[in-house]
Amino acid sequence: MPAVEKALVAAHQEVAQGLYEIEVLAPQIASGARPGQFVHVRPGGTSDPLLRRPLSLYDVDQELGSITLLYKVVGRGTELLSRVKSREYIDMMGPLGRGFTLPQTGQSILLIGGGVGIAPLIYLARVLKAQDCTVQAAYGAASLQDAAVYQRKFQQLGIEAWPATMDGSLGYQGTVVGLLHQMAPAIKIDMIYTCGPEGMMKAVTDYAQSHQIPGEVSLEETMACGVGACLGCARKLKPEDADYAKVCKDGPVFSMDLMA
Amino acid sequence: MHKDAAISKPGPDISVNLGGLWMKNPVAAASGTFGYGFEYQDYIDSASIGAVIVKGTTLEKRVGNPPPRICETAAGMLNAIGLENPGVEVFVTEYLPRLRQHGVTVVANIAGNTVEDYEHTAAIIDKQSGVAAIELNISCPNVKQGGLQFGTDPAMVEAVVAAVKARTSLPVIPKLSPNVTDIVTIARAAQRGGADALAMINTLLGMAIDIKTRRPVLGNVFGGLSGPAIKPVALRMIYQVYREVDLPILGGGGIVNTADALEFIMAGATAVSIGTGLFVNPTLPAELSLGIKQYLTEHGLDKIGDLVGAAHRF
Amino acid sequence: MHKDAAISKPGPDISVNLGGLWMKNPVAAASGTFGYGFEYQDYIDSASIGAVIVKGTTLEKRVGNPPPRICETAAGMLNAIGLENPGVEVFVTEYLPRLRQHGVTVVANIAGNTVEDYEHTAAIIDKQSGVAAIELNISCPNVKQGGLQFGTDPAMVEAVVAAVKARTSLPVIPKLSPNVTDIVTIARAAQRGGADALAMINTLLGMAIDIKTRRPVLGNVFGGLSGPAIKPVALRMIYQVYREVDLPILGGGGIVNTADALEFIMAGATAVSIGTGLFVNPTLPAELSLGIKQYLTEHGLDKIGDLVGAAHRF
Amino acid sequence: MPAVEKALVAAHQEVAQGLYEIEVLAPQIASGARPGQFVHVRPGGTSDPLLRRPLSLYDVDQELGSITLLYKVVGRGTELLSRVKSREYIDMMGPLGRGFTLPQTGQSILLIGGGVGIAPLIYLARVLKAQDCTVQAAYGAASLQDAAVYQRKFQQLGIEAWPATMDGSLGYQGTVVGLLHQMAPAIKIDMIYTCGPEGMMKAVTDYAQSHQIPGEVSLEETMACGVGACLGCARKLKPEDADYAKVCKDGPVFSMDLMA
């Protein structure tokens, strides 16, 4: 149920350098939250930073009413957030946006993530497993440390995951796009879901489209309201589109069909 | 919040009459920050808000500016949405009926690039039921005057207000641009044009530069600055206008809590508007109404009117 | 910091020529925020700063406004000091000799209420050695024009700049008020008057109300808003003026770190000034010079000039 | 030696409700810091709140290089400060201002404090004791809890202290001004130092002047620079004065002779 909640921080730790996992109790937001949706978090109580920060649902436990987020510290907002201690509260709004379209049960799914863009794919993976899909994941990580975090998480979910690191310290040496081209032809793929850097998602979309595989991408754009009211998070999906999509409301997940 | 449960506690009267616009409480959602009143429906009931000033509407549809359209600044944000809206026809046929049915106090906000644009848009809205007032966004370039903003020139302000007044019997509330040397002159011009109330302030013109790309952050280069950063400028202008011009004022610019709202009321605002503050806290309208009521109770005041302009009486 | 230890590392050239004012680095301490350059001596060596723009000086002594004179706002502050200063004679006899001896690059900042005030003050300063330039604070009421601010009227701006230019051979740098509809028109008027460079921006006029007393916070009711809150407005005005007026710009308004300073330079500022940021961090001038140098090195640029106005070239 | 230091927080605790004691290591600032001077503390790292906050030296250990402050949470700045944890750093500037003029050795001194205005009198008391003055203190506290904090501190310094509380829960029932009028006639006083609410200091000054006792007051004014550069902290000491004193530099301690 969408709400603004004071969410109690149950656990908060730096799982790799600058990468944090935070679990909060937010039963209203958790109930009905779907993979691919996000929450809008207020970092700190003063006017600077002012706006909420969008963070994807990394994992949700609807029974416990808990939400887990995975985030990289990149600026002031995430830096402030990283200082919140267990037992404190954070101001959270959500769930927001249009999540991933779930496939029919039993299908073969490939998840392709880049960096912290892997976050929404984890919750998606959990839900896909629950509906008996065959889920495989390929992802790129900036460091061995980061990769270890993602790998562990996929393992916990019982998902076969292929890492790619630029230095080859874990898995494929190179980008996840290189990995994709190497591995994908050998496996059955009914649908692709991807989230990560723009360039990566573009390459994944190209691959999927050229192989007639349906797929979805999760986009990012600077946001103010998060609900479609301010029209700030505009994105022209294809150059020939007349109108701008609103990433917060029409997305953040979009069908690859809508993309250039 | 269910409407049949909307039973008010007795106590100070916080309803206001803003130049003919009756508001059940003195808080309005600012144009462009609350969409058409439904976007936030999971978080707050639009019917509970004093007035919902809907997204700026133009005669024809506009697709808006290329992104990035927003960027955060110290205690504020810049926006350059570019008046994206589906045009007045879609507004009156698709959005207005739903708002009406839901019992929302709707203020239409209209914009244009010629006096005729404003006139036609106002005339279309005037024919509808369910609109309580018209707010005029005059921070738009007048294409017939070389792109000079309507709101920066007293003669153009007077002309556009008078033209709209002639087309509607609804209260007309011009929204003043703060990007002027002398806000009082502009307010007087609006009054001469027949304004029923004044809304102030719109955003301050600003910009930001991305030092990585060495380019302006916004697709439109310039954008409007809103949020707490501009509050001191807003208060000053409202204080100046209250002293010199006898029109009720809808005051806003940077309000994020009850104390801010009280400052605006004491400076001379009959009612307040919140924009950027809604992004931070979607339940702010309810909090403000409650907070203002509480303040009045604690200070033994019967009605909000007793506080309007209080900072001038010392 | 000892002066004999002031050996610069080789690297990009960050010295600038601001319309005849030579600065060893592109950072100036803004007028009114750094006193006469000695108040902060325990924290930073005035001689290490590109230019120290001393407290606004008038012909006669002024006692300043009644307190409270300052108040904090969101990401900013309001001040209404009221130009408290001992008058130009005391400045040149008591402060200037010490500054000269200490090797400080001194810019005098002068203010007045008539063109004659400015002329006489400038003439007295012109006779001294140890002043590198004169900054004109034109955000003052012109008593002969009914109290209208010099800086808000192009004709008055041109007149006061021309009058001062006639009295001094020092570079004259009018400091533009942002409280105007069209900053470019004002900048052009300053140029016609003979300005050697432009300083922008001075503070935005604002106010705050104390909801406990229901009175304006400042003794003077209105005050000048400075600090990060105003940065987007400052950048926008500098960007506009750089595009239209061929004069070097001393840019400032809300700078608190190197990234801010780089934004101003990319918008078109040849050098930057810091005011409120000094209160937060008295060693900011040194940090900015170092930070700018580092940025140039990292990006393979030889001199700061390569970055000036970069945001216009895309 | 005046400096801007990143001061390591050695201890930080809430000693009474909303009243905090923080001890930091700031050896440069501590060296040469005199009673009545203050430090300028930056609360938080963002632009809101923006300005530093002035806080009196509550105690200084020049050997250890430590400074202790005592502060009440009254707004955003002090609230943010209260969240700083041990082992973190705070940005501190000082010592600032003109401190108390020290009397000749062996004199009889009365300290009169109101609320957290007692802070600078503590460090003063320590220094006065060290130069063999006879020090007595009278103070007003808002609550029994607050009074207990002050009383303990005076006791540690071996100073005879008379509390006043409005409810009489500790010591004299009423204001410290009432207490002063009751106790002062009976004791020898060569000099009075006072810090606290304006009205209290006015009454104390009246008392001292009418009894020809020299004294000093410590004033407060909103500050920006703290060093006399901005002229923001102006105060007209006597109505007939032409000029405004600057509390940060000419004070915060002023002779009662200068006051109305």
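Letters are used for the chains, namely A, B, C and D, taken in the order the chains are written, and counting of residues starts over at 1 for each.
Operating definition for what follows: a contact is a pair of C-beta atoms (placed from the backbone, for glycine too) under 8 Å apart; a residue touches a chain by one contact, two chains touch by 3 or more.
Here the structure is a predicted model, which is why all the values come from computation and not from measurement.
Colleague: Which chains contact both chain A and chain B?
Modeller: Looking at chain B and chain A together, the chains touching each of them are C, D.
Colleague: Can you compute the centre-to-centre distance for chain A and chain D, using the mean CA position of each chain? Integer Å is fine.
Modeller: Each chain reduced to its C-alpha mean, chain A and chain D end up 53 Å apart.
Colleague: Between chain C and chain D, what is the separation of their C-alpha centroids in Å?
Modeller: 36
Colleague: When the C-alpha atoms of chain B and chain D are each averaged to a single point, how far apart are the two points in Å?
Modeller: Going by mean C-alpha positions, chain B sits 47 Å from chain D.
Colleague: Could you list the positions in chain B whose residues touch two or more of the other chains?
Modeller: Touching at least two other chains: 74-76, 227-229.
Colleague: Give the residues of chain D touching no fewer than two other chains, as numbers and ranges.
Modeller: As it turns out, chain D has residues touching two or more other chains at 47-49.
Colleague: Take each protein chain as a node, join two nodes whenever their chains touch, and name the resulting shape: line, ring, star, complete or other.
Modeller: Shape = complete; every chain linked to every other.
Colleague: Can you name the residues of chain C that touch chain B in the complex?
Modeller: For chain C paired with chain B, touching residues are 73-76, 78, 152, 179-182, 204-209, 211, 214-216, 221-223, 225, 227-233, 235-236, 239, 254, 259, 262-263, 266-267, 295, 307, 310-311, 314.
Colleague: Can you tell me which positions in chain A touch chain C when the two form their complex?
Modeller: By the definition above, chain A touches chain C via 47-48.
Colleague: Quick check: in the complex, which residue numbers of chain A touch chain B?
Modeller: Contacts found on chain A: 1-4, 42, 47-52, 93, 221-236, 242-244, 249.
Colleague: Quick one: in the complex, what on chain A touches chain D?
Modeller: Residue list for chain A touching chain D: 44, 46-49, 76, 80.
Colleague: Would you mind writing out the residues of chain B in touch with chain A in their complex?
Modeller: 32-35, 39-40, 42-43, 55, 63-72, 74-77, 79, 81, 84, 227-229, 256, 276, 278-283
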